[in-house]
Amino acid sequence: MTHSEQTYNQIAGQRVSRLEAISDGVFAIALTLLVLDIKVPVSETIKTESALFDSLCALMPKFLGYFLSFMTLGIFWTGHTTQFIYIDKSDRRLNWICLFFLLFVSVLPFTTAFLSEHIHFKLAIGVYWLNIFLLGVTIYLQWAHAYRHGFLSGSKEAIETANKVIRKRVIIAQTLYGFGALLCFISTYVSIVFIILVQLNYALALFSARRKR
Amino acid sequence: MTHSEQTYNQIAGQRVSRLEAISDGVFAIALTLLVLDIKVPVSETIKTESALFDSLCALMPKFLGYFLSFMTLGIFWTGHTTQFIYIDKSDRRLNWICLFFLLFVSVLPFTTAFLSEHIHFKLAIGVYWLNIFLLGVTIYLQWAHAYRHGFLSGSKEAIETANKVIRKRVIIAQTLYGFGALLCFISTYVSIVFIILVQLNYALALFSARRKR
Amino acid sequence: MTHSEQTYNQIAGQRVSRLEAISDGVFAIALTLLVLDIKVPVSETIKTESALFDSLCALMPKFLGYFLSFMTLGIFWTGHTTQFIYIDKSDRRLNWICLFFLLFVSVLPFTTAFLSEHIHFKLAIGVYWLNIFLLGVTIYLQWAHAYRHGFLSGSKEAIETANKVIRKRVIIAQTLYGFGALLCFISTYVSIVFIILVQLNYALALFSARRKR
Amino acid sequence: MTHSEQTYNQIAGQRVSRLEAISDGVFAIALTLLVLDIKVPVSETIKTESALFDSLCALMPKFLGYFLSFMTLGIFWTGHTTQFIYIDKSDRRLNWICLFFLLFVSVLPFTTAFLSEHIHFKLAIGVYWLNIFLLGVTIYLQWAHAYRHGFLSGSKEAIETANKVIRKRVIIAQTLYGFGALLCFISTYVSIVFIILVQLNYALALFSARRKR
């Protein structure tokens, strides 16, 4: 690799605003991807209100899958925006860490659908967990890289606080997800219920909300 | 839940610009989703101009469904942008209210298609109304939360005026939609025509436009 | 309609940046919509290089349709961005004019595919022309409304120049498209070739480019 | 072509921010397009963990195709953002060069899928190479045009350095891709492995990363 290419690598990937824009674009598509899978039941076969109701109920697993995927993506999107409150510089490595994060974002609708279709198989939980794990790894690396290279803005104190809570958050969440995935050796249903509860908690902050009042 | 996680919740979800970006992305996709459903009639079966015309007419319900979905999404998108003239701060709860709003946005093309396919069933109107109702609830909560926590910018007076008209608008609109949905116990066609008229009025502001001249 | 709703209409739809964002989102989707239609030929039926070449040639009409749709959308997107160099205020009516413009944008991939599938029928040209005509009407109204209500920024002189060239451009282009559409009464192929030449000229500015040198 | 139209061409296409927005939108869609192709295997036919594992393995070529397309688009997106660190003005010609670049961006998922489906045919490699070549040509022209017309911001020195490394980068990369494509006359597998290695190197900057430590 020549000198000039190293220089290219030095100037490439510095636009934080573009990173945010492409991320929002990919997230917006991933958020809506599973809706494409929910097909309206055709009218010829349906003659009564209760038949229509049954056809709607038959779609419930797809709606649940969509909801689950939306929640998970919402959690990681919120995590992504939270990091970018602080990140205001970038280099090509941060650029590519973020792109790999987006790779796992766009695959999540597939792994969620795979899980909801094959919920009684350990492999489906393993694949779903792997996806969430890789999202966790890349979002952690993104922050760690930005922190190490001084790409963060804000007061020293604010950065240190953010650094502590953001890292801790990812590690605790991933520990819970990993524990949930291991529960599949008892029962896949126990496993998935545990993971969904963890996600609901992160989305709705139920416990902390209750505490505050 | 540990102290550090409460702190994470305190720093998370503060980027208003990102909330606007993801919203525009999800809306752009939802706006175009029903177009994907309109398939070009294949050429082999069509031999004459009038056969082509008939095949185009057969697509009319899909075009109407698309138009209806576009109008409704346009109304809520306009409402969303109107609130964000004022909202210039956010916290993670506003973040999640907005994400749930987007969840109902991206489901709207489905419920609209469901309605246009099963227009003679009360259940289809009920599902469609529920979607619009949940959009109304979340957009109302979004404003109420932002108002209560002082996330609004502008003069005291401008905020108070906006607060009054935005809340009133949602409540009146939802009352009309609810009334329209109840009309399905008379006739589903009466119900849907009433709802479409309400939406046309909100989109085109026909009455207020006429008045002003 | 009550007083408070008129006030809502007065505060609604003022965010130019959001209008630009939703427009770019809808355009980005419309630009890529026809790619979804181009399916990779399956491998089992294809045994030789020349069979693969034939299968690729069989896709040519779809590629041409995609190219045509991309060009047309590119022309109107450029027109849209050109207007928004000047437009820096908005009201709810401009908001809705722009949304209707986007409605016709997102339908264009359909009408283009309809045309390329039924190129020998006058009706297909009529539908395609109607779409382009409605795009022209809404983009013209958008400018006229912004001009009339003083939503334009820049020096008096710059605005007047822009006003003249933008209006003239739309009118000349629409006249050419209308003339091209009428040619279908001679031959649909003559008609479509003429329209494509007009579009290529607008996209590539061939004539003006030649002149300048 | 009249004088006023030349003037339209002079005012058209000047919004760099809109060019970036539409580019991010098209890239976000192109990045996720091949995910739509990966369908969840249906549950009825799958009775055991190992059958599910086999069905997942059967999807591997699609995952690899998706990964390859993501990498290539990531490389060109990074290149695009890198140029737009400097480009801060535009004219309608730059506008259209960028739009043609986006045309080739949105076609890349197709050519990648075409390649992964017909990997043993020289034609598939030729088509894939042609796409990458056209991406290279348009991104090079974009820079050259912006450089020649003084659309770049920054110190004279920074611009000259950027100019050198950006041009060199495209030329070296395209030489390597072209060489890789020619290898298909030995073996299509050698050819594709070579091209993938080149792309991995550009994405991960493996060599330069190793050097720096």
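Each chain carries a letter (A, B, C and D) given by its place in the written order, and its residues are counted from 1.
One rule holds in what follows: a contact is a pair of C-beta atoms (placed from the backbone, for glycine too) under 8 Å apart; a residue touches a chain by one contact, two chains touch by 3 or more.
Computed from a predicted structure; not experimentally measured.
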item: Farthest chain (mean CA position) relative to subunit D; value: B
item: Same vs different contact residues, subunit A with subunit B, by half of numbers used; value: different
item: Intercentroid distance (Cα basis), subunit D paired with subunit B, Å; value: 35
item: Whole-Å gap separating subunit C and subunit D, where each centre is the average of the chain's CA atoms; value: 25
item: Two or more partner chains touched - positions in subunit B; value: 21, 25, 28-29, 36
item: Touch list for subunit C against partner subunit D, complex; value: 20-21, 24-25, 27-29, 31-32, 35-36, 38, 40-43, 46, 49, 52-53, 56, 66-67, 70, 74, 77-79, 81-82, 84-85, 161-162, 164-166, 168-169, 172, 203-205, 207-208, 211-212
item: Subunit D-facing residues of subunit A, complex; value: 1-2, 4-9, 11-15, 18, 21-22, 25-26, 28-30, 33, 36, 92-93, 95-96, 99, 102-103, 106-107, 109-110, 113-114, 117-118, 121-124, 127
